[in-house]
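Take a look at the structure set out below.
Chain lettering (A, B, C and D) follows the sequence in which the chains are written, and residue indices restart at 1 in each chain.
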Amino acid sequence: MADLISYIIRKIILAIPVVVLATLIVFLMLYLTGDPVAQLRSPHSSVEDIQKIREKYGFDQPIIVQYGRFLVNLVHGDLGSSVAQGTTGTSVSSLIVEKLPRTLELMAIGLTISYSLGIPLGVFSALRQNTWKDRSVMVFTLVAYAMPAFWLGILLMLLFSVYLHVLPTEGTVGGFKSLILPAMTLGLGNAALTTRMMRSSMLEVARQDYITQLRSRGLPERDVIFKHAMKNAILPVITVIGLDIGWFVGGAVIVETVFAWPGIGMLITDSITGSDFPTVQGCILVLAFFVILGNLVADILYAFADPRVRLG
Amino acid sequence: MTRIRGRLSDRLLSWRMLGGARQTFVDIFTRGRKNGMVVTGFTIILVVTLLAVLSPWLPVAKPTALSPDLLQAPSSSHWFGTDQLGRDVFSRVLWGARISLVVATLAIVFSLLIGVVMGLTAGYFGGTVDYVIAGTIDLFWTFPAFLLALAFAAALGPSLTNVIIAISISYWAGFARLMRGQALSVRERLFVEASRALGANNRRIMFTHVLPNCIAPLIVWASVGVADAITIESSLSFLGAGTQPPTPSWGYMLHSGLDALHEAPWISTFPGVVLLITVLGFNLLGDGLRDVLDPRMKGLRL
Amino acid sequence: MIPSNEPFSGRKAILDIRGLRVQFFLSEGTVTALDGIDLTIYEKETLGIVGETGCGKSMTAFSILRLVPRPGRITAGSIRFKGNELLKLTNDQMRSVRGKMISMIFQDPATSLDPVFTVGSQLGEVISLHQGIYDQAKLSAKVLQMLNLVKISDPKNAMKQYPHELSGGMKQRVMIALALSCSPALLIADEPTTALDVTIQAQILNLLKDLARKTGSSMMLITHNLGVVAETCDRVCIMYAGRIVEDAETFELFARPLHPYTMGLLSAFPKLGEKKDELAVIRGTVPNLMIPFPGCAFVDRCDRANELCMSKKPTRVEVSPGHFVSCHLYRLGDEKQSVR
Amino acid sequence: MSADATQESTESPLVEIVKLEKLFPVKKGVFSRVVAHVHAMDGIDLSIKKGETLGLVGESGCGKTTVGRSLLMLIPPTGGYTFFETPKSVVDNFKALVRVRDSIRPGKMSASDALRVADALSALFGSGECDIADDKKKHLCTDADKIRKSASRFAGTGELDMHEGDIRKIIESAILEVAKKYCINYKDKTRLKALRARMQIVFQDPYSSLDPRFTVEKIVGEGFRIHGPPKSMVGDRATVEREKIRQIIEQVGLSESHLTRLPHEFSGGQKQRIALARALALEPDFIVLDEPTSALDVSVQAQALNLLKMLQKRFGLTYLFISHDLSVVEHMSDRIAVMYLGKIIELAPADEFLSNALHPYTQALIASIPMPDPKLRKTRKGIEGEVPSPINPPKGCRFHPRCPYVQEGCKNIEPPLVDVGNGHLVACHLQKVPELPPEIKSPRPSPETSPFGPRRVQSPGPDV
C-alpha cells in the first residue's frame, strides 16, 4: 500500500513539469506570428484598446516576466478576456465555465460508448480469430477508424434525423436524445481503436504460458477467458485511457461543431472564426489540463490493475 | 592528405553500412506482394495519387469554374453533381486530392525528420538531454495532435503552409517516441554490446545498428501518419482553420455541403467517400506493412 | 502395432499411448511434430523423457492433456488413461481429467503463473473447482496446507503475494502445489528445473521425488538433462525428431545404450570429474521436420547408417526384456548382431 | 596471437583485476532517491595467465556476468583496477601498496605503518619497470623518502610528525598515477579503443547477439570498420579483409557460402560460431566467454566446446569462461573460481577442484549437480534456502545464512580469501571442512575450541 501511495505521489509530482511546459507552449503561441498584440486584439479594437492590452500583458517587458505574469494570472483563474464581436470584454474563464459541463457530459457518454462497444467486440473478435465474424469486425474497425468524425456525424445526421426523423439534428433541445448522435460520433472511432487493441492484446495473452497452465488445471473455458485472460488483456487498454481522453478532447471540437453542441469545442471553433485568440488560448489550456489529468488518472488506474507496476 | 582520405573513406564505409536498411526495402517488396492489405492499400493510394497528379489534364471542368447548373444531382455531365455555386463536385474532389496529399505527405516528412532527430538525440546522449527531450516528447504525445494543430493553425492564421507547419509540430512526437523507444531497446540488444566491445563509438552504433533497425517501424508509422494527417488537414479545413476557399479542399467541401444536406447530399457525400477511401488506403498499407515487417505479428491478421 | 509392454506384467499401466501423431498445419507446409509415439507409464513409476529442443517431448505432454496449441492437431493414435480413451472424451469430460487426474508442472515458473492474481487465489481456484470447497475459511486452510507441503517459507504471507514478488524457486514450489492440489494419479513435469539455479534445482527435484513417493502418483519427467534422469527416473524414453528412438529402464539404458543417438548423447554430455580433451560429438544438426523423409531421421548424423536407413523408417523392437529401440541395426531379439 | 607464446610465458598474468567493484544504485520513493546498492561485484581479485582458461561459476545474480563485462569496460566498474599485460612486478607492487593502504585503520596510522607505506612506494617506483613520467616518478620517490624519514625518526614513540592525511594523499596520487598508466578502466577513449581489438567477448544469447540486418560478412568484418584491416596481412584493404573473413569463417566451421546470408537463416549453434568469428577477426589475445553454450542443446554444445578448445590451442588464446554449469566449466578450465553474492569464495586448479573443494558452498554446488549415471545415484545433499538479495548482502560471511557449518564468528567477520597451498584459495573461516559433507541438519561440531575451527594456514598468504 505504501508502494502504491508513493507511486501515485510520484506520478503527481512528475505531472507538474508537464503542466508548466504546457502553459509555456500555450503562452509562446502568442508569439508565433511575431506580434503578440495582433493575436489579442479584435479587428474592431481601437488604439486605446491596443495600448490597454499592451499594458495588461506587459509586452514591453522581458519575455520571462511576461510569462511569469501569465502564470500568476492563470493561478488566479484569469485567462484574459474575449475580443470577439458580441462577447468582447467577457472573461474567458467565465465563458469556459459555462461551456465545460456540456463537453464533459459529451465526453463521458462517448467514453462509455467506446469502451462498452470496443472491449466486448475485441474479445469476441479474438475468440473467433480468422473466421468471417472476426474479419467483418476488423473491416468495421478499419472503416470506423478511417472515417473522419465530421463526416461520420453528417452521415448519422442524414440517416437518423433527415431520413428517419428519430433523433434531433442539432443543439440541445432534445435533452438526452440530442446527446446520442454526437456521443456516438465521438465514441465510434475510439471504439474501433479499442476493439483492435483489445483483440491483439487478447491474442497476445492467449499465447502466454499461464493460459495453458490454467487450462491444464481443468478450469472451465469461460473462467480462463473472462476471468484470467481478460484481466491481463485489459491492461494495455488501460494504459491508453490517457491517450483516449486526448482523442476525445480533439474529437469533441469537431463533433460539437457538426452538431452545434454548445461546449468548449464549439467555443474554440467560434473563436477561431471570430479571430478571438484569447478564448482559443484559454480553451486549449483548459483542455490540456484535462488531457494531463486524464493521463494521471490512467496511470493510477493502471497501478491498481497491475500489481507489478507499484514496485518501481 | 592520405590521412584525410583515409578518414573520409572510413566515413564512407560507415555510411555504406547503412545498407543494413536495404534489407527492409527488400522485405517490403518480396513479402508485401503476397499481403492482401499491402496490395489493396497500395492500389488505392496509387489510383488516388494518379488522379490527383493528372487532374489538370483530365477532361473535367476547372474546380473554380462557376456554371449556371446549381445543385445538380449526379449525372453523366457532372458525375458527382454540382454545388451551390454550380461548380463540378467531381473536379473539386480531384483537385482536393492534390491539396490533401501534398499537405499530408509534406507534414509527415517534416514530422519524421523532427521525430527522428529528436528521438535519436535523446537515445544517443541519454542523461539530462534525454530527460528533457523525453519530457517534451511525452507532452506532445499525450496531447491530441488534432487539437494542437488546431491551436497552431489558429495562432498562425489559416493558409496552406501554416497547415503543414501546424501538423508537423503536432505530429512529430509519435515518431520521436518510436525512435527513442527503438533506440533504447536496440541499445540493450547484445549485438550493440558486441559492437561496443569491438570498439564502436556511439555515433557508429546509432547509425549502423540503431537507425537501420528502426526503418521498418518508421515506415509503418509514416504510412498510418499520412492517413492521420489527411484527416487532420480536412478537419482543420472543415472548421475553417485550414486551407481557405476558393482552394478546393475536402474538409471545406464537406462543410459547405452541410447547409444543403437535405436538398443536395452529394455535395458532402462524395468528398467524404473519397476521403474515407484514401485514409483507408494508407491505413491498410500501414497495417499490412506491419504484418509483413514485424515477424512477431506474422500469421496474426489485425 | 505392438501390444502393451508385457515384461512388467505385475504392474498396472496408468497411461498407454499408441501410435500418437501430432501435426502442425502451417501455411508453409505440414510439420509432423510427433510421428507415432508408443509409450506406457506404470503406476507409481517415474518415466523420464529426454531429448533436445524441438524433438517433441513437450508436445507429448500437451497431447496427453489435449492441449496441443493451434495450428497443431492430434491426427492419429490413442491415449488411454486407466483404460479410458482420452481422445474420445468430450471437452467437458476432458476438463475434469485435467488438473484432477493428470496434472502438469511447467518449465518457466516466471511466465506460467497468472501475474495479476495472488498465489492464494490461484491455488484456491483450482482446489474449489476440483474438490468443491467453497467455504472461504476451509479453502484458505487447504491452500495453507498445500503451501506447507511444498515447503514454502512463510506460507501465510506467500498466500497474499503476487507471483512477481516470489523468487524463481518459490514460484516453482507454488506451481507444484497447484499441480498436486488434487492428488493427481499422473504428474507431468515439463523441464521443472531448467529455469532454476543449480542449488534450487536440487531442492525442487528432491521435493518432487518426495511428494511423488508420498502421494503415490506416477510421474512423467521431461528434461534435456541426462543427469536429472539418471538420478530420478525408473525408466527413460529417448526422443529424436518426433519419435521415441529408445526406451528402457534407467540402469539398463545408461549401462547399455543401443541407439547411436543415445550413445552420442551420453558421450557428448560433459561429466563432472571426467577430464578429456575433446567431447565426442554428434555431428550436424536436427533435420527440418517440414520436409517428409522416408528413412530414419537420424541418418545424416549417424556414423553407422546404411542403405536401409535412407529408405525405411525403423520399427520399435524389444532387444532385451523391457529394452526397446527403433534402429535398423537391431533385429527382434537379436542384439549381438550389431557391432558396438 | 602466436601459437608459441603459450608455453613459456604462463607465469606472467595477461589480465589482473584488483578489488574490482560494481554497485548498481537502487532508486526508490517519490523522488527516486538512491536508497541502496546492488552489490553485483564486491572487491574481486583475479589473475588470468596467458594461454589459460579461467572458469567462473556461480548462480544467477552472483555477479559473474558483471565481472566479464566490467573487465571489458562494457559496464564501467565503480571501483578497482584492471590491468592488461602489465609487468608482473608493477602489478605485485601495486597490489602491495593497496593492501598496505587498506590495512591501516583510519586515524590510527603508526610509524611502522608509515614505514610500510614508504617501502611499498619505493618498491613500486624505485625500479625501472613502472613506466610513468620521470618527473612524477621522481616526485613520488621523494615523497616516499620523506615518509620514511619521518617514520624512522619517531619509530620509538610510535607517533608521526607527518599528517596522516598527507600520507594518504601521497598514496592515492601514487595509485592514481599507476592506474592511469596501466589500468583499462582509467584509460581514455582512444587508448581503450586500441585495447578493445585485443579483448573480445562472446555472449550467451546467439539470437540477440547478431544484428538481424547484417550479413555474416558484415558481422564478422565489423571490427575492420573500426580498427582498420587486419594487421597480420598486407595488401589492398578490401582484398585483405575479404581473405581474413573467409579464413576466420572457415576456422569456426562454416563455409564461404554462408557469408552472404542473414543471421535468421542459421541455427543457434551456427549463430554462436558467427559470434565467435566476429570476436576472432581482430586477432585478440583474450576472450570473455559469457555462458557461450548455455542456450545450446547437448549435442551442439559439445561441438561448440570442442571448437573453443581447438581455437585456443591454435591461437594461444586466453579465456575467461563464465557459466552456471559446473560440468561445462570443469571440462573447459585450467582453474576455476566460484562466486557467491558478488564475492569470489573459492579458486582452485581444476584437477583439485572436485577432489578437494573446501568451501561449503562449493561442496553444495558440486553435490547439487545431477550425475548422468544412475549408479552414482545418491541422496542429494545440496543446501537449503535461497540466495539472499544482493541489495543488502548478509553481514560477515555472505554464505552464513545457508551454511551447514555456520558458527558465531561467521556472522560478523568476513573471511578473507587465503591461499591454502597449491594455488588453491578459499574464503572461509573453517578453511578445511570435513571431507564428506554430512547431512544438512547436523553440522559436525568442530573438534577444536577455536571460534573458527581448525586452520591449515594462519597468516594470509600472497595473493592470487
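Observations on the model:
As a convention for this text, a contact is a pair of C-beta atoms (placed from the backbone, for glycine too) under 8 Å apart; a residue touches a chain by one contact, two chains touch by 3 or more.
These numbers come from a predicted model, not from an experiment.
Looking at A-B and A-C side by side, the one with more C-beta contacts is A-B.
The chain with its Cα centre farthest from the Cα centre of chain D is A.
Between the CA-based centres of chain A and chain C the separation comes to 53 Å, rounded to the whole angstrom. Note: centroid distance chain A to chain B, computed from Cα atoms, is 22 Å.
Each chain gets one centre point, the mean of its Cα atoms, and the points for chain A and chain D are 56 Å apart.
Annotation for chain A: no residues touch two or more other chains.
Interface of chain C with chain D (complex): residues 52-53, 167, 169-170, 197-203, 205-206, 224-232, 250-251, 254, 264-266, 268-273, 275-283, 285.
Touching chain A in their complex are the following residues of chain C: 62, 65, 67, 69, 95-100, 103-104, 106, 108, 111-117, 125-126, 129-130, 162, 164, 175, 178. Contact residues of chain A toward chain B in the complex are 17-18, 21-22, 25-26, 29-30, 32-33, 39, 129-130, 134-135, 138, 142-143, 145-151, 154-155, 157-158, 162, 196, 199-200, 203, 242-243, 246-247, 249-251, 253-254, 257-258, 268-269, 271-273, 277, 280-281, 284, 287-288, 291-292, 295. Contact residues of chain B toward chain D in the complex are 10, 13-14, 17, 20-21, 23-24, 189-191, 193-201, 204, 209, 212-213.
Residue ranges of chain D in contact with chain C, taken from their complex: 59-60, 267, 269-270, 297-303, 305-306, 309, 324-328, 330-331, 350-351, 354, 364-378, 380, 382-384, 386-387.
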